[in-house]
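The structure's right below; bear with me while I get my questions together.
By written order: A, B, C and D. Residues from 1 in each chain.
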Amino acid sequence: MASSQNWLLRPFQERSTQLFLGVLFTALVVVTFLHLFMPQDSALHVSAYTVTLLGKYLCYALLAVAVDLVWGYLGILSLGHGAFFALGGYAMGMYLMRQIGDRGTYGDPVLPDFMVFLNWDSLPWYWQGFDMAWFAFIMVLLAPGLLALVFGFLAFRSRVTGVYLSIITQALTFALMLAFFRNEMGFGGNNGLTDFRDILGFNLRTDATRLGLFIATGIALAIGYVICRAIVASKLGRVSIACRDAEARTRFLGYRVERVQLFVFVVSAMLAGVAGALYVPQVGIINPSEFSPLFSIEIVVWVALGGRATLYGAVIGAILVNYAKTVFTGVMPDAWLFALGGLFVLVTVFLPKGIAGLLQKRHKTKPDDDTPTRQEATA
Amino acid sequence: MTIKKHVKLGLSALALSVSLNAMAAEDPIKVGILHSLSGTMAISETVLKDTVEMLIEKQNAEGGVLGRQLEAVVVDPASDWPLFAEKARELLAKEKVDVIFGNWTSVSRKSVLPVVEELNGLLFYPVQYEGEESSENVFYTGAAPNQQAIPAVNYLMNEIGVERWVLAGTDYVYPRTTNKILETYLMDQGVAKDDIMINYTPFGHSDWQNIVSDIKRFGSAGKKTAVVSTINGDANVPFYRELGNQGISASDIPVVAFSVGEQELSGIDTGPLVGHLAAWNYFMSVDSDANYDFIDQWVAHTGDEEAVTNDPMEAHYIGFNMYIEAVKKAGTTDVDAVKDAIIGVSVPNLTGGYAAMMPNHHITKPVLIGEIQDNGQFSVVWETPSTVAGDAWSDFLPGSKDLIADWRKPMSCGTFNTKTGSCGASAGEMAAADE
Amino acid sequence: MGILRSLTLLLIALASALSLPATAQEDDPGTALLTNLAEAPNSKVEEALNAIVSSGDPRARGWLEAYGNNRLSQVKNTGQVVVVLNNRGRDWKIANPLTGENMGEMSRRELDRVAINNAIRGQLGGILAMLDLNAPDPDVREASAQDMMGKVDALLVEPLEARLELEESAKVRNRIEEALAIYRVGEGDLDAVEVLAGSLHPRARASLNVAVRGDDPALAAKAKQALSTIEQKLKLNRAAETLYFGLSLGSVLVLAAIGLAITFGVMGVINMAHGELIMLGAYTTWGMQQLLPGQPGLALILSIPAGFMVAATAGIIIERSVIQYLKGRPLETLLATFGISLILQQLVRTVISPQNRTVVTPEWMSGSLVINDALSLTLNRMYVLGFALVVFAALMLIMRRTRLGLEVRAVTQNRNMARSMGIRATRVDIMTFALGSGVAGLAGVALSQLTNVGPNLGQNYIIDSFMVVVFGGVGNLWGTLIAGLSLGTINQLLEPWAGAVLAKIIVLVFIILFIQKRPMGLFPQKGRAAEG
Amino acid sequence: MSIFQELANRDQVFDFLAPVQSPVDVRHGPILYMEDVNVSFDGFKAINNLNLTVDDGELRCIIGPNGAGKTTMMDIITGKTRPDTGSVWFGSRHNLLTKNEPDIASLGIGRKFQKPTVFEALTVFENLELAMATDKRILPTLTAIMKPEYRDRIDEVLQTIGLQELRDRLAGILSHGQKQWLEIGMLLMQKPRLLLVDEPVAGMTEQEMERTAELLTSLAGKQSVVVVEHDMGFVRSIARKVTVLHQGSVLAEGTMDQVSNDPEVIKVYLGEEA
C-alpha cells in the first residue's frame, strides 16, 4: 500500500489511471493536431463534424463514469441519472439562451424567443442570474447536486434499496420529463432550448469553438475520472464497496451508510451535471427527452457493456456504444436496432464483466499494484 | 497498451471513413433523407423516406436531371432530437449532399436549423407547422397556420354555425401556437372567452375518459360546439375511441383535426368516427388524375394494395419537383443558385392545381376540409376557392404581426419589420456572416 | 354501432330490392330521383331528399342509408348513380341501386362521389329516425326517439304528436315528450320546462341553457330553476363517473402490470421486454382479425388464448435463450431484456409495419351501458375491467391452488431446497416466465381495444407497470391489484382540477414519497429474513 | 490541499491508541439492561416480556431452541429492530432505543452475525481496516491515510485470528471458518465494550472451536461478551453463566449445570426433539 498522503493525488500513482490519462491526452492532442494541421483533403484530416462527435462521446463517457461510481462501487442502480445530466444541460442551456440577447427572432433583449412567443411579459425568477457565466456554471453543479441531495436524503434515510431505489429514480426522471414538457414551466416545453449563438464570447458556430469545447470536455473527463478514482482508492471507496456488499455489516461497524451513499450520490450527480453542461453547446439543443427513462437505462447499458466497477470500462462502453450507434444509423438505418439490441444481449450473456473484463483477463499476470485482485470480484 | 492501440485504431478508422466518403464520386446528385426510421416518430416518418426514394427512382428513370442521376443518402435520426442535428451535419459535412428532405416534429426542425444555416444546406420540410419561422435555407412545403387552421375554423363557423370551441392539443409548440392564433382569431370574430375551452395533454396520452367527458359537458350549453384538435399522432386513436364510446357523434360535436391524416386513420376503426373532420391541403380521396397516378405509383412502389397516401407525402412530392425544376432553371446544384432559382417556381400539386414557391419560402396551397368516411378516407366537403399562400409570420400574434419574410435579393430577410422598415437582428447577423 | 346497424338495414333493403323485377326498367322513377339527388347543389339537397321520401318508393330507405354512409356515387361517363358496396382500395365494387344487381368493380377514377356533409347527415338522421318511430320493436322506437332529441323542427312536430297518440310504450312516450319539449322550450313554452326538469339528457340541458339566456324573463327563471335541479342530480352522477374512470384506468394498469408482477415480482427478472410482450398480444388480436375478416368479435375471443400462447412462446424463447444464463444477476436481466425489447420493436416495424394497425372493436363492445342520460359506462372499458379481474382471479388460483403455483413458490423461496425435493427448478422457471409473459399477452389483447396497436405500444406501459408492481410490493399479487386500482383512481380524481400532465406528475411524486415511508411498497414481503 | 491535510490531521485526535473513551457508565450497575421488552411480527410474538441484564466484563451464553428470539434480541440491542414496548439501556446513561445502528456501534457495541458477514470484495486487510475504531464520518474517511500504527494494530489482530498468510487475499475466497474468524477480528478492531456474538463456531473444526473458545474467554473481563450458540459442547466449555430463552422470554438462568438440570428446560428441549 504505497499510498500517497493526499487522497486526491493517490490516483496518479495507479498504473490504470496513468494509462487512462495517457490515452486520453494523446487522443486529445492527436485529434487537435489532425484537425488543425492536416489539409482538408488529406486522408488523415479530422473534420469539425468528427471533432464535435468525439466531444459528444466524451460527454457521454463522463456521464457513464458518474453512473459507474454509484452503481459499480455503491451498488445503487440509478435509472434516473439522465435527470442530473439534463439538469446540468438545462443550466447551461439557460445561460446560452440569455447570451443570445436581442439577436433572437423577435429581438427581445431579455426574453428568449419561446417566451415572447407564448406572451410571457417578464423573465420568471428562476431564469434570473443565468446571464452571468459564473452563476450558470455554479448552477450546473448545484441544480443536479441539490436534487440528488434532497432525493438521496429521503431515499437513503428510509433505507430504500435495490430495485425499489432503481424504480423511484426512474419515477423521478419520468416526473421531471413530464414537468419539463409542460410549456407553463418556462423551459421551452418540447422544443427545449436551442438556437444558441455563443459561449463566453466565442461563436458556437465556428470550428475553433468546437475544438475548444472538445478539449474542455476531454479535460473535464480527465478531472472527473481522477476524482472518482480518488474516491474509489480512498478508505471511503472501500467503505462504499462495504455498503454495496453488506450494508448492515457496515452499519454495525459504525459507518453511517446513508451519509456515505448520499455523499457519493451527490458527487456523481454533479459530475453528470457537468457532462450535461458540456453536451448542450456541442449538440446545440437541450429538450426534455434527455429526461426520458429509456435514456437513463441506456446509460446503464453503456456501463455494463464496458464493465462495471472499473470506471475506465464505463468510458469504453459509452464511446463504443455511441460510436456503433453513429455508424449503424448511417450504414444500416433500417436494421441498426437489431444490431444494438443484439449487442446488449450478447454482451450481458457472454461478457458478464463487460469489455473491461476481457482486458483484465489479459492483464491477469500483472495485477494492479495497490489493489491486488479486487476488481475481478466486484464486477 | 492494448487500450491505446484500440483507441488509435478506432480514431484512424474514423478519419479514414470520413475521407473516403469525401473522395467518393461527385457525379450523382446526392439527396439526403433525414426521417426517423425508429423510435416514436417512425410511425409517421418512414413513409416519407419511402416517398422520397420513390420520387428519386422515378426521376432517375426519366433520366435524372442535368444529365446526372440522383442518389438517396438515408440516415436514421431515431426520433432523437440532438441526433437530428448530428445527422444533418453528417449529411452536409460528410456525405456532402446537395439537398435534404426531412424532419417531422418542430423540435427536430429547430434542432437541425442552426446546422443547415451554418453549413448552407437546403432543407425541404414537409409537415404542417406552427409558422413563426423563415430561414434562408429551409423550404416549408407543409401548411402554415393560415393554410390550415384558420380556413378550418371559418368553415365551422360559417357552414356549421359553431359558436363554442374546444381547442384540444398535445402540449408542444405547434398546438400552443395554433391555439393561440385561433384564440385571438376567434375573439376577433366576437366569440366570448367563456365559449373557448383550451386543453393540453402530454404526448401519447392514452386515457381520455375525463377530457372527453368534460368536452361532453362543455358541449351541453346549448350552443353548437366543435373541437379543434391539434392532438398529435398516437394519442388520437384512444381519443377517437373514447369519443365514439361516450357517444359523441360528429353531428353532436364535430372534431376537426389538423394532425390526423389517412396514415393515422389506417390505425383506427373509423366506423364510429364518420363525419368528424380534418383540414389538410391534400386528401387521398381527391379526385384528380395527378393524384390517381401518384397513388398507382405509390402502390406499385410499396407493393401494398392498401397503402395510403397523405398530406406530408404530397408536400414532399411538391418540394421534390420544385427542387428539380429549380436545379434545371439554375443549371447547377449549387445551393445559392438553387435558392435564388426556386423562388417563383411553380409545379403541379396533386389536387389538380399548381403550387408556387413564395419569396418567404412557403408555398401556395388549397385548403380542403374532409369528413372521415368508414373506409378510412376523407371526403372533401369544402375547399378554398383558390390557393392560399403560406404566411411565415402570423397576423394574429402580437410579436410577429408586423414581420414578413422575403428572401429575394436585395431584401434577403426572414424577419423584415414592416413598421420599422428594418430587418430583424437574427437575419442581420446571418447576412453579415455570409459576407 | 349506429353505422353497423344501418349497414345491416341497408343489406335488408337491398335484399328486398332484389325481390323486385331484376331488370332495370327504363322508366324507373328511381333513376330520376337519384340523379336529381346526385346533381343537386348543396342548397337543393333537402328538396331532393324530400322528393325521395315522399315518393313512397320501398327502396327509398336503402337509398337514404347508402347516401348517409357515403356510398352513393355517380359514374363519370354515363351519369348513372350506383351504390358502392366496398369502397376500399383503388377499385370499388358497385351495384345498381334500382335493382340491387351487382355491377362488378370499377376504378375509383371513373366514379364521382355524391357529396354529403354533416349538416345533411343530421337532417337525414331525423328523417330516418322518423321512419324508425314506426318500427315494431319498442327499443328501436326508443332509440329513434332519442335520436330525435334536439332535431325536432316545425315540420316534425305534427307527425311526432300523432305518433305520441298512438304510442303504447311508456319509455318511448317519455322520450317523444322530451323531444317535443326541447322544441317547445325553444318556442317559449313554460310547461315544457317542467317536462325537461327531470331530464339528464345533454340536449335537454342545452335547450334550457338557451332559454336561460333568452329574452323571456319568466321562461329564463323557470329554466334556471330546472337547471339547478338537474345540476344536483348531475353531481352524484359525475362522482360515480369519475370513480368509474379511475377504476377503468386502474384496471388497465393492473392488466399491464400483473404479468410483470410474476416475472419480476416472483422470479426477480427485471423484464424490460415486458411491454413488447404486451405488444405481441395486441398484434395477435390484429392478426386474428385479419384471419377472420368480418368477425371481429369471434376473432377477439379467439385472441385471448392465441395472445396468451404467442406471448408465452416468446417468453419461453427469451427465457431459454437469454434469461437462464443470467440466474442470480437480476440487474443484468434488465440490460439483456432491454436489448430484446429493442429487437422486438424493430422486428415488428420491419416485418409488419411501422404504422399502427387497425383493430376493430366488435359491436357488443362498442358504445356504452346507459345508466341514465348523464351516466353511461363505456362498454369496452367495462369489459377490460372485468377481464382484468378475471385474469387476476385466475392467477391467484394458479398460484395458490395448483401444483405449479406451489412449485413456483417453493423455488422462489429456496431454490436448492426445492430442487433437492425433486422439483425441477428449470421447468418451473420456464413455466413461470411463460405464465408471466402469457398474461402480458392477455393484457395486449385487452389494450388493443383501448389504444394504438403499433410498435410503440409496449414502451408506453413499461414504466407504469414497474411503478405499479413496486408500489404494491414486489412479489405480492394482491399488492399489484390494489396498487393499480388505487393509482388509477388517484390519477383520475386529480385530473379534473390538475390537468392530465400534472396529475401524472403528482402521482409519480406520490409514489416516490410513499416508497420513502414504506421502502418495500404497499404490501412488503414479511418475515424475519435473516440479515445476509 | 492544505485543507485536506488539516482534515487528515484531525484524524489523529481519534487515534485508536488513545484509551477508548467509551462514555459508558457502569458504576451503578450492569452494562446491558433490558426490561419488559416486547416485539411482535404480524401478531407473532417474537419477544415476550424479556428481561435480561449483563454485567460489565461478563461472558454470557444464551441458548434456546429455534425461534426462541435470540437473533431478534440482538437486533433490538443493535438498533436494527425497534421493540413495541420496554426499555433497553447500555450502562446507565444510554437509552439504546433512541439510537440507530451506527450510533450504537460507535458507543461500543460490536456484533457478529449468525451467517458470517465480511466484505467479500475487499481483502482481509481492508476488512480489518474498515472495522478499526477511527473517525467514521465522511470527510475524515475520504482523506484517511494508512499510518504505521494502524498497520501494526491490524497485523496484531491478524496474528490473533491467524489470517496473516491471507492478508492480501479477497475475503470472498476464505472458507466458512476463516470468515467467522475474520468477523471476530473485525469485532476486535472495533474495541467494543460489549460484543454480541451470534453462533461463532458454526462450520468450524474442533480445533478452530477450541481456539475460538480461548479467544472469547480471554476477552471476557476486559469486555463484556454475549454469545448465542447452539453447540452445547462449546457452551459448556466457555460458559460461566447461561440464559435460556424460550418463546421470547427468559426460561432459566444460572450456571450450565443448574440450567441443564432445570426440568422446564429439559421439557422444552425434549419437547423440541419429540
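Here, contacts are C-beta pairs under 8 Å (C-beta built on N, C-alpha and C of every residue); 3 or more make two chains touch, one makes a residue touch a chain.
From a predicted model like this one, the values you see are computed outputs, not experimental measurements.
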Which chains, if any, touch chain B and chain C both?
A
Contact-pair count is greater, between A-B and A-D, for A-B
Chain whose mean Cα position lies farthest from chain B
D
Rounded to the nearest whole Å, what is the centre-to-centre distance of chain B and chain D, using the mean of the C-alpha atoms as each centre?
72
Approximately how many whole Å separate the CA-defined centres of chain A and chain D?
42
I'd like to verify one number: the distance from the centre of chain A to the centre of chain B, where each centre is the average of its C-alpha atoms, in whole angstrom.
34
Averaged over CA atoms, how far is the centre of chain C from the centre of chain D? Could you give it in whole Å?
64
Quick one: which residues in chain D touch 2 or more of the other chains?
80, 113, 117
Touching two or more other chains, which residues of chain C qualify?
345-346, 459, 501, 504, 531-532
Residue numbers in chain A touching 2 or more other chains?
178, 181-182, 246, 248, 334, 337
Show which residues of chain A lie in contact with chain D when the two form their complex.
1, 3, 5-8, 231, 234-236, 238-239, 241-242, 244-246, 248-257, 259-260, 263, 372-374, 377-378
Once bound in the complex, which stretches of chain C touch chain B?
1-4, 69-70, 87-90, 108-109, 112-113, 115-119, 121-122, 125, 202-203, 205-210, 213, 241-242, 245, 248-249, 252, 345-346, 349, 354-361, 366-368, 376, 378-381, 450-456, 459-460, 491-492, 495-496, 499-501, 504
Residues of chain B defined as touching chain C within the complex:
37-38, 40, 42-43, 46-47, 159-160, 171, 199-202, 204-207, 209-211, 213-214, 216-217, 219-223, 234, 237-238, 241-242, 244-247, 249-251, 254, 263-264, 266-269, 271-272, 274-275, 277, 285, 287, 289, 292, 295-296, 299, 305-306, 371, 373-377, 379, 381-382
If we count contacts the way the header does, which residues on chain D are in touch with chain A in the complex?
1, 4-5, 8, 78, 80, 101-102, 105-106, 110-111, 113, 117-123, 126, 129-131, 133, 136-138, 141-146, 168-170, 172, 186, 190
In their complex, what parts of chain A are in touch with chain B?
19-20, 22-23, 26-27, 30-31, 34, 41-50, 52-53, 56, 102-107, 114, 116-119, 178, 181-183, 189-192, 194-196, 205, 283-285, 287, 289, 312, 316, 323, 326, 329-330, 333-334, 336-337, 359, 362
